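Each of the next two complexes has chain A plus one more chain, namely chain B in the first and chain C in the second.
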Partner chain A sequence: MFKVTIDNQQVDVEEGTTILQAARMIGGKVVPPAMCYYSKLRGSGGKCRTCLVKVAQSSAKDPRPMPKLVASCSTPVQDGMVVQNLTSPEVVEARKAIVEFLLLNHPLDCPVCDQAGECDLQDLSFRYGMEETGSEEDRREFPVTDIGDKIKLHMNRCILCYRCVYTADQLTDKRLHGVLYRGDVSEIGTFIQQAVTNNFSGNMIDVCPVGALTDKTFRFKSRVWFLNPMNAHRDCPSCSGNVTAWMFGNEIYRVTGRKNQYGELEEFICNECRFEKKDPGDWVIEGPRHIKRQSVISANHYERMKKQSVIKPIEGIMEDPE
Partner chain B sequence: MGGKILLAGIEIPGIRGFDVYRANGGYAAVEKALREMTPAQVNAEVTRSGLRGRGGAGFPTGLKWSFLDRKSDKPRYLICNADESEPGTFKDRYLMHHLPHRLIEGLIISSFALGVKTCYIYIRGEFKYLVGVLEKAIAEAHHHGYLGEHILKTDFSLNIYVHPGAGAYICGEETALLESLEGKRGNPRIKPPFPAFKGLYGCPTVVNNVETLATVGPIIGMGGEEYSKLGKGKSTGTKLISACGNINNPGVYEIELGLPVEDFIYAPEYCNGIANDKYLKAVIPGGSSVPILPADLILSTAKGEKRLMSYESLSEGDFLTGTMLGSGGFIVFDEDACIVRNTWNLAHFYRHESCGQCSPCREGTGWMEKVLYKIEHGQGKMSDIDLLVRISKNIEGNTICPLGDAAAWPVASAIRHFRHEFEEHVLHPAEVLEKERRLSASFAV
Partner chain C sequence: MTNLTSRSKIVSNKKMTFWERIYLPAILGGLRITFGHLFRKKTTVQYPEVQREFSDIYRGKHVLKRDDEGRERCTACGLCAVACPAEAITMVAAERKPGEENLYREEKYAVVYEINMLRCIFCGDCEEACPKEAIFLTKEIVHSEYHRDELIYGKDVLVEPMDPAKRIDVSKRQTPEVLAFKQNKKFKHNR
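Our next item is the complex of A and B:
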């Protein structure tokens, strides 16, 4: 077991754990944000650089700090490592810069984007970003590509996290899309226009941190915060059938996988559950899902406050009001 | 000035062929290494020589080789990085074109030292004509028993393959090179694991520059001790410098490290002074990604000492008043050169060559290019100059691979040393544009 200190909080972790995973074991505000890392996808991470942290002490044996900020999602911990996340001004500055870079060519069309309200980039810029940017340039635009009748690709919003590529690689039998070209014109596409049809391809929508991949069956139907996310299940031959049904009254507007507190799917679901089963009769509704208080979806949803959710200072750090 | 070691015999007609090369002492080092030495002894000689990586970073080669995972039972690979794409650097091309057997010789000895049975030369796609030259040299070496099974009747076997890239600057970064060699998209890998443990196909791998590997032959020939006497301090031996820009004699020169920069620019046997009797304005001494230095700082350090062509002397004063030896792409600017235009040109290059994997580099390089374009074309604002400094600072050190740094350094250093020129572009755009128009008209005869 390795002892790691992150923002003055100590945790014991197994060898081979990354800094980000160790931070998630502590929980709360010490967890660096992650836009490209996805714990269930092998090889993901290291690309968006939002999870950069400062290693003030490499290990107990080698107390020197690491010369550069490191990506916490892909750096394994050492015994006696001391990591600074929010306690390092350098990290806070770098994170502001990264948010600025990510938003540089993002169209900011949140008012018409289906992802708004559950968008990781929205949350990230709200928490860590600056109020204004120095950029006056035109934003990058891509021609519209059609990748099938179920998934809408909106390349202008993409932050090239590669999550959907890994999903298609690791979940489906054949990947039909990938990253084309390079640099700031690189884009997600199928190259020769064809539909992404695999039965598990819909999970690309759920892993996408922004509104680049959205559900065509739910397009412009409703804002997510008007809907009630309900746990539901059905007997599905190809997946677990455990889903979140987004309901308005007795109608199911859309079906997604169940996401945990870091926005990652607990289980991947099949396209049949996601796109075809919109009749409440298809599902056994279990009950409402817990919603984070700070989420826009929680507006007008009243829950009994739990004891822990009272804000209490722990060593100068506010606990996340989960 | 230091005897020609790496380029020895380059003037002999037909040295590109095996027979002439062999007749002039070629492959003697291979015989010496394979017949008289053990791999450990070859490693020790290379360490003793103090040879440092010639690709740009200047990391000691002996130390790099010692990191190779020798406990693993997987095959090991040696990769010769011939993806020379840095603007201003053309030394490897020259070496491979004229002395392909010097490289093959170095590869055989290095592979012997590292216990490698398969070696790849990853060559830049644009060097298509060199693929034939190298493959011919490899075939000749095979024919004479220096490659293949049981070389010189020893237990050592080696095959060398030439693999052309598809023309991406980023594939010169060692992990992107490995990805490309495996047939994937040339995106740099996230380190750790380092190639010495998990490189090509997940096996222990050493990636070295062409010049570094070619130098191993002469080192074994003359002995590491003897080689380390050349040069100055920790910058041992000789280095190929590709000089270009506004000088009288552009070309590739082999210099002994420690040569004063002033001598290199003005001596008749090297650059022979600035062309058209103009004044020296600035120099990028190590390929486009290292910081640019104005004339006074390139000729002498901030402390007033003579600036020498060596790893230490050029980086004296860090980035505030120093630069780097880098890959040895020596770019000289005369008094008429527009630093803003040059910086914009470089920013354009890095924007085009960014792989687009990590956000600071993908977005930042494009942003810098756009702002520099505005300044160069007379639409800039004063605040844009500080904005450029801020962007370059935000990219630097926050990216996966060093391309982000390489894109940020030229911009940051150009503003550091030539801020007045940027300001002039902002304040008097009409005059500056008119001056540039007149100058370019005078060249177009």
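Our next item is the complex of A and C:
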């Protein structure tokens, strides 16, 4: 077992854990944000650089600090490592610059985008970003394309995190899409407009941290904060059938997987559950899903309070019961 | 018992005198006050022939603005509805079809946009929340109606006319910072 200190909090972790995973074991504010790393996708991470942290002490044996900020999602811990996340002004400053870089080519079309309200990049730029941009150049522009008949690709909004590529690689039996070209001109493309037909391809919508891949059956139907996310399940032959049903009154507007507090899917769901089953009769509604009160989705969203926060009302206000 | 206020009066049942019983002095005193008011300056105006001066930022009926080319600015982003404390605003969005580029500014627009004027408290939060400078409150007053349905204003009432001469000027409602932002050539939409 390795002893790691992150933002003055100590945790014992297995050998081979990354700094990000160790921080997630502590939880709370020490967890660095991640745009490309996805714990359920092998090989993801190391691309967006939002999870940069400062290593003030490499290990117990070698107490020198690491010369540069490191990506916490792909750096394994050492015994006696001391990591600084929010306690280091250098990291906060670097993260500001990273957000600016991610937004260089990101269009300001949140009012149009279906992802607005549950977008990781929106949260990230709200928390760490600046109001102004330094760039005066035009953003790159691509036409809006279809990936299959159920998924819309807005390449303008893509931040090239490669999550969807790993999803297509690891979840489906045949790889049908990937990243074409290099650097500034790189884009997500299917093999000559080939439709993505695999039964689990819809998960790339949920995996996408921005609004680049969106559900065509939900396109411009409503804003996420007008809907009520409910836990629902059904007996599905191909997946677990545990989903979030986004309801408006008695109608189901869209179906997504269940996401944990880091915005990652708990289980991948099949396309039949996601796109075909929009009738409330198909589902067993369990109850409202827990939404952080800081989220805009929590507007008019009522759920039963956890017992803990009833007993300790002050703590319940101080931090989100998660 | 101590008095709670100094304005309370103790009433007595004492017998009135002759002059008090004929009431004439009291009536004449009342008439003097009434006629005195005839020669004072009036506090009312003859609305609607005469109207008081409105503030430049008076918050009355809403308007959905068009841009300089006559396209609707609203993209049905729903921020006004989520900002509305009275939950008066509802909308339904739709995708713009090819050929409608001269009607709607962005690829999404509001097919239905309704404000329930009975619910609206004219706080101006929708105006504040709008990222597209589409909704503004104007000096126009919302008139009363005989039926509640008529006070749910749809796009037919709210969207400003296409004719440039009939457009509603809202420049006085915008702060100097907003006007400076609109001049900033760094942003592509200002070029």
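Definition applied: the second predicted complex is superposed on the first by the 300 of 322 C-alpha atoms of A that agree within 3 Å, B and C clash if a C-alpha of one lies under 4 Å from a C-alpha of the other, contacts with A are read in each partner's own complex, and residues count from 1 in each chain.
Basically, a residue touches a chain if its C-beta (ideal position, glycine included) is under 8 Å from a C-beta of that chain, and two chains touch if they have at least 3 such contacts.
These numbers were taken from a predicted model, which means no experiment stands behind them.
Q: Between chain B and chain C, whom does A:Val179 touch in the aligned arrangement: first, second, both, or neither?
A: After superposition on chain A, A:Val179 lies in contact with chain B alone.
Q: Considering only touches as defined above, state whether A:Pro111 meets chain B (first), chain C (second), both or neither.
A: Only chain C; A:Pro111 stays clear of chain B.
Q: Touch test for A:Lys221: chain B only (first), chain C only (second), both, or neither?
A: The second partner, chain C, only.
Q: With the two structures laid over each other on chain A, which partner does A:Val296 touch: chain B (first), chain C (second), both, or neither?
A: second
Q: Give one of first, second, both or neither to describe whether A:Val92 is in contact with chain B, with chain C, with both, or with none.
A: Neither chain B nor chain C is touched by A:Val92.
Q: In the overlaid three-chain picture, which partner chain does A:Met66 touch, first (chain B) or second (chain C), both, or neither?
A: Touch status of A:Met66: no partner.
Q: Which chain, chain B or chain C, ends up touching more residues of chain A in the combined arrangement?
A: B
Q: One more residue to check, A:Arg139. First (chain B), second (chain C), both or neither?
A: second
Q: Could you please specify the touching residues of chain B with respect to chain A in the complex?
A: Touching chain A: residues 168, 170, 185, 190, 192, 351-360, 362-367, 370-371, 383, 387, 390-391, 394, 397-400 of chain B.
Q: Chain B touches which residues of chain A in the complex?
A: Those in contact with chain B are residues 45-50, 52, 68-69, 71, 74-76, 94, 97-98, 100-102, 104-105, 134-135, 137, 140, 159-160, 162, 178-179, 181-186.
Q: Provide the residue numbers of chain C that touch chain A in the complex, in ascending order.
A: For chain C paired with chain A, touching residues are 75-79, 81-82, 93-95, 106-108, 131-132, 186, 188.
Q: Can you check the complex and tell me which residues of chain A touch chain C?
A: My answer: residues 109-112, 116, 133, 136, 138-139, 219-223, 225-226, 296, 299.
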